[in-house]
């Protein structure tokens, strides 16, 4: 879809996010910690409020009025996620507690061979076994490392690591060399939360499939910034962290190809994930219920639906009244195109200004980056930077960003990270840089 | 604590729950589906709204203003849960996605012997192994059956079932007979969601401990109605479903004795649950972080804190101005005493009126029951009852209530269930009964 | 009781629920299948006897609500003596009637089955009405495993 | 820059951060321990030499922020030459100063260490200030495993 309109002013969208009005120690909040969690638009806050006041009930199997409303809103949100990811079926969308749980689910179910018998009479169960290899990369978040370490240990598989270049990009040659028939699974982050690098997922999936390996894509940081098409990527599993996509906390998404999710054993047991239970024999429900034991986060999922609505509105607003009959999917594609450009603009300007300060080093210089600027300053520890910027109302994150192996690779114990959302401004990027400049002076 | 005041009028509390104003098909909503999920007081709705507008950030390790507020509210909620359960330490309170996940966590970690090596150098790890026995009861919810079936199958343990009497009470003699040195774990529901029976947990725990078995108490239905003291019960694990305790969806609690939680291997891997990660060796964080991989449901947990505040307010309101310096724990004990009495009153009246209708049978006649009335009518299927009552604005649940084995024991495919909260009224109990009477006429 | 509800629980339905027609099994039936409604746990089994491409007898057994029982009862009456194609055509129209939202249109071809028109206002009960039909079709197609309405 | 912040990053702290005193290891130290701050991943190692119940030398190594580095540096200065009991008394007062909320009170006994009074306004940074001290005490108690501030 090509845009014929002049880009509208993103700053008007700030009014949709009430928290951006916050004043911190006398200064206007500059929220540059979006990679940790995003802020929520009024539309989402209102949907939640409405839910608690007028719709709250447990979903599924309820015959009464509230239960029917809650169920239909809940089911509608699943279809919205299907649209967001361009999944072939809404049955391929599993709601979890978060991106971390989504990854754990896959890592556990692919290595719980013993329970595989319990599935609904499936013949072949995808499974990682002794001697098999799991490939992940140096830039993974702990949530895409530790579950695989635990899984590998459980079955006696080997975890191998794809190296990265100094610029913070996957070493594709090394990746090709590591792939073999032993490789059963590749776990790779779509957008690095520490570097901002956007990885060449489509190509990596193709290479993995050529040796018969499955691919799980950790989309925690891609979800808020890129338009995702799981069918085009041909990813076997794709995970989202919904609180980073302008939706409430406590919701994650696991997308999985239907045949895989059907063949895998169940994860957690409990209400809703069963078909029949007896002490002798329990049979499991069909997708997506099979992987959703217990009462789901009904309000959170409905809030996620509202967040996706907001993004579609954003796409329509961006295009203007010219394309009144855009589908939701088209509107989302437009929205993310615009968001990605806007965030890159902000991050590039922040990087440029920071690099003018002697002693600043930026980690991650891939050409295609999401709005993340990870940096260090020679004379000050990232936590000192964080505390001092906070006193100017500027919220950034300092630390290892749940990427200790990557910090090791970069040779730093921690970094300071400013992460941008479309509602940030050029002025905020400038405030960040001038804050860092003051720290430089103070600590030299 | 003895009360010297005359019981205040519970009906004034209805004003705290905005959803109770709902009009369904022209009739005022009578929400009698509280065992499925409870409604939320304004205090909780407001806390959530405030969170999204003024406090939202990712918790832990954040140095900036919002992150500090969110973290301190989040941590405070953990202490409130400690008070609610009278746990010895807030480190014994683990936040999960729900009661089902809490039970799965324990079932998995007690049977994942292989991963036990990975814990922080613990010597003895509590573990269920081949040939061991797990005891659960006939009246368990699927969430306290299926995880144990899966766990037993994983390691080759045997699942045994404690029978119940016709009145819906645990057969304690049979229980004594089933307990042996082979018994490694007893999983028992505190309050049955289908029968309302309050089980003699303290005695059952004592009996289990005498043979060296651990006890997990499924407190999903006890949390909203009884004052719980895990130290007095001496339960090894206790689980809560927070959306049933006037708190948001997407939050559960696992209480576990510290020594056990420390000795058990971790459950899910990811951010926040680690101490250090390297590709060679990962060490795990201390409690409670060890069991909380990934971003938690921050808003949900803070909402839970507000729900506990509300319950403490309720206790203070009930006592009146006489005891200005009650502790929160004392206020909660008072609140639940009052709630339990009020709900029993409502449920008893509903039972009495229903039993006047020929063909009505009530399932569960234990002397000490929580506010649950499960019934069948000879001429109408529970779902027909549910649909017809709904058209009168009366919300009940019909079905197997995630208790298929219990339905089998009762010899019914399903029941209709009215479940009361303290905000229900005598008038609602009467409307229920007169609705059922009309159905009787219609279907005879 | 509301008007809506009278639309759902019409006299014909209440009657067929109380005294279901063609209730019971056919020993050695040519075709049979079991259906299961995962929303409530109810089951129905349908038996079919055939001769010369016509269904000479159709019966059912199982536990269910008034809607599913009456639907099974009325279905057996509607398809008895019909060919498979004729039955399929009835099913199609029936399904369309109970799942189409919007302005109600008359379905005179359905005869007594038209009493289920009100079900479309009760989304969670639609499966009650269609369960017997899905099971019937599974029996025709000779499916072995229990079908579910999902 | 806000006043509050000047309270936290006092000149003395900035100075000890830039030029930490007693920085380095003591080969064959009588006592040593490693401390770890799980909030940030930073580490510190403390070495102690003793003679006749007095600490003749105390040094530290590690990576940390300005607060923890300056705290380690000022701690080594404060405890050198002291007995274990005297050091423990200083620690107690120091800890009280950085963790007590409410009206600030002077702590003249702490000498230079009083520059950390501002830390109490920054809850997430308190562990930075106490990490060296917890590590020091672990070394005194001869703990083998790395201690953490949690």
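Should a chain be cited, it is by its letter among A, B, C and D, assigned in written order, with residues numbered from 1 in that chain.
One rule holds in what follows: a residue touches a chain if its C-beta (ideal position, glycine included) is under 8 Å from a C-beta of that chain, and two chains touch if they have at least 3 such contacts.
What you see is a predicted model; the values in this text were computed from it and never measured.
For B-C, the equivalent interface within A-D, A-C or B-D is the one where over half of the contact pairs agree by residue number, namely A-D. In this assembly, the C-alpha centroid of chain C lies 79 Å from the C-alpha centroid of chain D.
The distance from the centre of chain B to the centre of chain D, each centre being the mean of the chain's C-alpha atoms, comes to 45 Å.
Rounded to a whole number, the gap between the C-alpha centres of chain A and chain D is 39 angstrom. Per-chain Cα centroids separate chain A from chain B by 31 Å.
Residue numbers of chain D whose C-beta contacts span two or more other chains: 39-41, 125. Within chain B, residues 25, 61-63, 276, 383, 387, 398-399, 404 each touch two or more of the remaining chains.
Counting only pairs that meet the touch rule, the chains in contact are A-B, A-C, A-D, B-C, B-D.
Listing the residues of chain D that touch chain A in their complex gives 1-2, 4-5, 8-9, 14, 17-18, 39-42, 63-67, 69, 122, 125, 128.
Those residues of chain B whose C-beta lies close enough to touch chain C in the complex are 25-26, 379-384, 387-388, 391-392, 398-400, 404, 407, 413-414, 438, 442-443. Chain D contributes residues 36, 38-41, 123-125, 148, 150 to its touches with chain B in the complex. Of all residues in chain B, only 18-19, 22, 24-25, 29, 31, 33, 36-37, 39-40, 44-45, 48-49, 52-54, 56-58, 61-67, 96-101, 103-104, 107, 112, 114-115, 117-118, 141-143, 145-150, 153-154, 159, 161, 241, 243, 248-252, 266, 268-274, 276-279, 282, 293-300, 383, 386-387, 389-390, 393-399, 402, 404-405, 408 touch chain A in the complex they form. Here chain B touches chain D in the complex through residues 60-63, 68, 71-72, 275-276, 285-286, 289, going by the rule given at the top.
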